[in-house]
Structure formats: C-alpha cells, structure tokens
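First chain written, first letter: the chains are A, B and C, and each begins at residue 1.
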C-alpha cells in the first residue's frame, strides 16, 4: 500500500494559549513495500506524523492517502483503515491487558470481526513471527520478562496482518541482543510478506541497517529524505544540528576516508560494509 | 584513599511470592569499594543485578548477607538511614516517576523540606541548583511540560540541593533520546569535577567509558573491575554478558580473523583509524 | 498533548490581581463563612449587598466576564430548573397568573428570584476562589488551616500530600490514557459504538493498563521519595510560606462588616 502525504499541517490545541504546530506543510511519499525510517529528535513531529498515517488523528490541513483511502481534516470514520495499518507504540507492553498471552494477541483480529478459528490461526502465526514459544500462549503476559512482553505486544499488532506496519521506537529499553532480534524478525516479515514498514527511531544505527528510505524531520518540517547513504553524506555537523548522530560505522569510514587516498570504493553504512571494504582494500593493496 | 562506600560480601535476594522455592540471588558475594570523588560506572545487561546493587547503595534495599557501609555507617542500622540518604543521592530511570512536586521549584525543594531546611535557605539553594543544571527561569514550570532530559536534570537538581557526597544514577539515561542522554552525561561530568562521587549504572559500554573506572556485573556478581582505559587491553567476550561490543572492537576482531595484522591493544575508534591508515598506506 | 485545555468551570487562571495575591487561607475562610451568611439574606437590600460584593469580586479578579460566563453555562441550567420549580410549587400572596393546571403566585416569583440569586452568588464566589487560587495553593491553605486537627490523629499532612501528588500526576496519567486509547484503537477497539454497557466494557482494555501503570508509578515514586529522605510530616519545613498581608486583613474586615450588615438588613420573619 502506497502512502502519500500531501501538504499536511497539524496544530495541537489550536486557538488556545497552548497552541503548538507539530507539523507544517509535510509532503512525502512512501512506495508500497518500502522499509522506511522516520528520524528526528524528540519534538520533531515524527510521532504526530505516524499517528496521522495510522488514522489516529486527523490533520489540521492537507490530505493523507493510504492506498485508496484518504484522510483529511473532515474524516470521521476510520474503520476501513483499521487492520490495514498496524501501529506498535513506544513501550507497547504497557498496553497489555488480557489474562493470557493468546487472548491479548487475539484482541486485534477479534475486533476485525474474524471467526474464532481464523483468530486462533492468526494468533499462532503472530507468535511464530515474533519468536514466542507456543507454551507461553496460556501464560499471563504480566509474568513474562520485559523482552517477552514486548514481543507479545508486537504480536498483537502483527496478528491483524496489516499491509503497513508502523513501529515507534520498538527497541527502546531492550538489550542489544533483543534489539537486533526484534528488528531482524520485522525485516524477515517485510521481505516475506512484502509489507510496508515505517520505523521511527532515534538510532541512526538502526535506520542505516534496516531502512531503504530515510525521512529526517526537524521541528515539524521534513528537512531531508533519501537513501541512508545519501542522508549520511550530509555530514555529521549538519545532522548534529538536527539532534542526530551518524552511525559509528559511517563515522569510522569518514575518518578513514579523510586520510586514505583514494577513499574506500563504496558507501559504508554498517559494520559488515566496513569489514568488506577494508578487507577488499587490503587485499587489493597487498597484491 | 578512604573509601566512601564499602561493600563486603554483600548479597540480596528477592522473595518472589509466586515462586517461593525459586527465590534467587539478584546480587551475590559482591565486594566493592568506592573512593571519594571517583567517577564509577557499574555496567551490566538487563537482569544482571546492577539496579539491585544500586538500590543497596543508599539503603533502599538492605543486604540479606554481608555488609554495605556508607562512610562507615552500616545500612542495616535503622538509625543510620536518614544520614545515609543525605550522603548518597539517587537519580532513577523513569523521569516521570521521581518528580513529586507540582512545579519545578516545589520538586527541587522536596528533599530540603524533608531535611527541615529553613525556608529562606531553601529558596537560596533552589535557585542555586537550578542554575547549576541549566533550568534557571523555569521555577514555575510544570513537570509535564519538560523534556525527558530536562526532567532528569530536575531530578539531579533535587538531589544536589541536599548536598550529597555521592550521586547514584540508576540507569538514568536509558529512557532518554540522544539529546537528553548527552545532557545528563554532561551533568555527571560537571558533578564529578565539582568533587562529587558519581556512580553511573548503565548497560551501555559507550556511556560507561565516560567514567574513570568500570565495574562489570553479570548474574549478580562482579565480573570485572578496572580503569576504563584498560577495558580493551585484553580481548574480551562481551557477548557472554549480553553487552553490546563496541563497534571498533568488533571491527578489529573481524579484521584479525580475516588476516589483517591489526594491533590487538586498541582502545578507541581514533586509534583504530590510525592503525588502519598505517596498514593501508604501508604498501 | 493534553486536550483538556478548554476553560472548565473554576479552572485556575494565573494572574496578579488582588484576589490572586491574597493568602489562600483567608480566601478559604472567607468563602466558608460567606456560604453560611448567604442564608441570612432575605430581602432586596441584603441580596443587593451580596450581589454587589460578588460583582466587586469579579471586577477585582481581573478575569474577563466572558470566561466566567462560559464557565457558568452548565450551572445556569440547574439554576433555571430550580427557579421553575419554585415558581410552580410555591404558594402564597396574590395569584399573578392562572393557566390550566399552573397557578403562579406572587410569593413564587419572589422565591424563584431569591433562590436563583443565592445559587448564582454562591457558585460565582466559589468559582472566583478556584479561578484565582491554584490547586496547589488551595491544598496548601487547606493543610495549614486544618493542621490543628493533626493533634487529634487526623493525618492532615498525608491527605495534603496525596492531593498534591494527584495534582502532579493528573496530566501525566491523562497523556498516558490518551496513548493507550490510541494504541487500542489501532487494534480495532471502538469506544463510541454500542449501548452504555458495551461502551463501558470497551474501556476495559484502557483501564487495566492504566491501573497497572499507576501502581508501578506509585511504587517507583514511593522509592524516590524515600531516597530523598521523606519520613512523614514530622520535622518537615516548607518552601511555600504563607503570609497574611494587609490585603488579607482587609478581606477579613470586609467579611466582618458583611456579617453585621446582613444581620442589620435582615427583615424580621
């Protein structure tokens, strides 16, 4: 499903002393099947933007097209959008409420009006996708570890089988191993099921590793978009002004390229790229 | 140097109501001395017991075995509690859940009110510490209007107003964005420079490297205790403790495996860049 | 972001008017006594005096009349309803109007006017208190006024602390509820459809997480308070010092004069 954001502005508490423009004149397009990342410091408006795309709030002006569904300031009924766009909020384990893991995951598909047997199947698949053992299905979600609770919450969204999956800081508070595992599973799903993923993150490392398209927001405006390599080519200083850090691998490559003549042959985004480039250069040099 | 905190064979066990038989040791056989004026990081993954250890440092948790002494005061002695909490201040993980006051000023004053500081003196100290953490002019702001970093700086202000000798940061950066995190890290550095003993509990190696000394805790035990400069002298399997290996260490290891003659004892990114440049320009 | 920012009846509006500057204790005492002496009024002169006082209060508060009226709207229905009931049910004096089963007496009209006026004056004065005194100051004032009760084992300090912590956390919990509602809506929950019971049920997925998080917050906050040396009200000092000023003395003198005037103006019944 394609997403087209057309000249969208969003103002909170309009007409009161607390008026605050969260987004102004945003234009962006995300093609179907993209793994996109929305990056920006706190207060950049990225969280407002994903709520608009998910149909949880309506824009003050402008339009948002999600597939053949359109959201404008006047939109009231979002029922058609539910189930097509799944949202994993920050610390999603804080929304768990059911007695058992399986029941909690079933909440979304049941709301979609699916038959009990279909719901059951969805729950089973969703648990498999996030790597939860079947044995946990009848356990209370509140007696699981933090990492497991996070997976239950993500499974609850995946069970709706959305075409677009929005993740707001999905790895916050997880340890490095848990972070990597969760995002790897999301990427697998993205590749296998061709869903569109929108990842909201502070971490440029994550954006560099997983996304094919980055959108950089700053104070409610879109300041940059493009492939990770092109965004990082903007330079550390410029990105730092927007409260963002360049991934360490890119930093290291930049420092190295400042000295090497000629610089490394290809763009570097991750540790693996760096390894490959340096080894290639070394082998090329020594023979 | 006289240690300000002395932990001897300390252990702590949570008594879980559901699984009485499986109550396990969160912290066990910990020996640790913290010197006055030190900047120490206690690093470990989630569930390693580092937060339990942190809460034992100002008697929020009392050792089930062994001793924790703060300036010679045993934390298990009830009559020492109030004094211990004046000596050791604490900044917690969740910025929201440690702000008591309805305004910035009220919150900073909360600890002072508990100490029974006279109102005129309080007003002076509140102004002073808000200045120190860069929240001047926000006295009347409401906590929920502050950013994550500002909330943590408010918490720091509330603690330093009580003039403690030690401040423990119990994963105080883990819920913040990069900007907030840098704000708090800078505050730690400033506090350390002003002579306060800083103890930073974290799961991030990058953050731990800001400290002078790093203690690694895993499965409730102290696994390493060394100056941060020496952290990378020996090859170390960081993954065994579910800690993230720093990029330059991982890269160095991978390049060694691929047959590049990189020096083993590299302690930072700049050094690795230097080394790689040297290797590649030799030919 | 909280959407609870439109003016609500009596929501505090910051300012620097004489009413804002008065000590919350004297305002509380004033309102308390005022509420009782309103019932002394029983003729045009005494009601006129009370109304005059109220109008003067509104003037002094520096708050625009439109805000006050907007806040009063829901109460106006209640006042009109009471007035109509009095018109209809009170008997006595000349018959002014007879229309089918409805007879309206002179006494009914007078009663309706007095009752609505009394109601209006009470609500206006109460609103003035909360419009010009922040909830924190109100809590503070109440705590100090009631502190003698702690000698009789009434935990005044604890109640006051509970109040102020609630005030501190209302916006936080409000934001959290908004977030959880959005998350559950994204999972297909619908809070607007169905009958009352169904709608109430639809809130379960919001309320359970909210309770759980409130408990967690309470636990962490208790720990944080302990770490900052909290050990009950004993030996605590306060940064918020309350001080009676000339303005407060003046207010209490006005109150005294009002009592005397009302007793004097009161027509014998």
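The rule we apply is simple: a contact is a pair of C-beta atoms (placed from the backbone, for glycine too) under 8 Å apart; a residue touches a chain by one contact, two chains touch by 3 or more.
Nothing here was measured: the structure is a model prediction, and the numbers come from that model.
**Student:** If each protein chain is taken as a node and each touching pair as an edge, is the resulting graph a line, ring, star, complete or other?
**Tutor:** complete
**Student:** In terms of C-beta pairs in contact, which of A-B and A-C ranks higher?
**Tutor:** Output for the comparison: A-B.
**Student:** Measure off the straight-line distance from the CA centroid of chain A to the CA centroid of chain C, and report it in whole Å.
**Tutor:** Distance between chain centres, rounded to whole Å: 46 Å.
**Student:** Taking the mean of the CA coordinates per chain, how far is chain A from chain B in Å?
**Tutor:** 30
**Student:** Where on chain A does chain B make contact in their complex?
**Tutor:** Within the complex, chain A touches chain B at residues 41-43, 143, 145-147, 172-177, 202, 243-245, 248-249, 251-252, 255-256, 259-260, 271, 274-275, 278-279, 281-282, 285-286.
**Student:** In the complex of these two chains, what residues of chain A are touching chain C?
**Tutor:** 12-13, 16-18, 20, 51, 54, 56, 79, 82-83, 85-87, 89, 92, 94-97, 107-108, 110-112, 142, 156-157, 160
**Student:** Can you tell me which positions in chain C touch chain A when the two form their complex?
**Tutor:** Residues 1, 3, 5-6, 176, 179-180, 182-190, 204-205, 208-209, 212-213.
**Student:** Give the list of chain B residues in touch with chain A in this complex.
**Tutor:** That would be residues 18, 45-47, 147-148, 174-175, 177-180, 203, 239, 242-244, 247-248, 250-251, 254-255, 258, 260, 269-270, 272-273, 276-277, 279-281, 283 of chain B.
**Student:** Okay, in this complex, where on chain B does chain C touch?
**Tutor:** It is residues 55, 58, 60, 82, 85-86, 89-90, 92, 94, 96-103, 105-106, 109-119, 122-123, 126, 142-144, 158-159, 162 of chain B that touch chain C.
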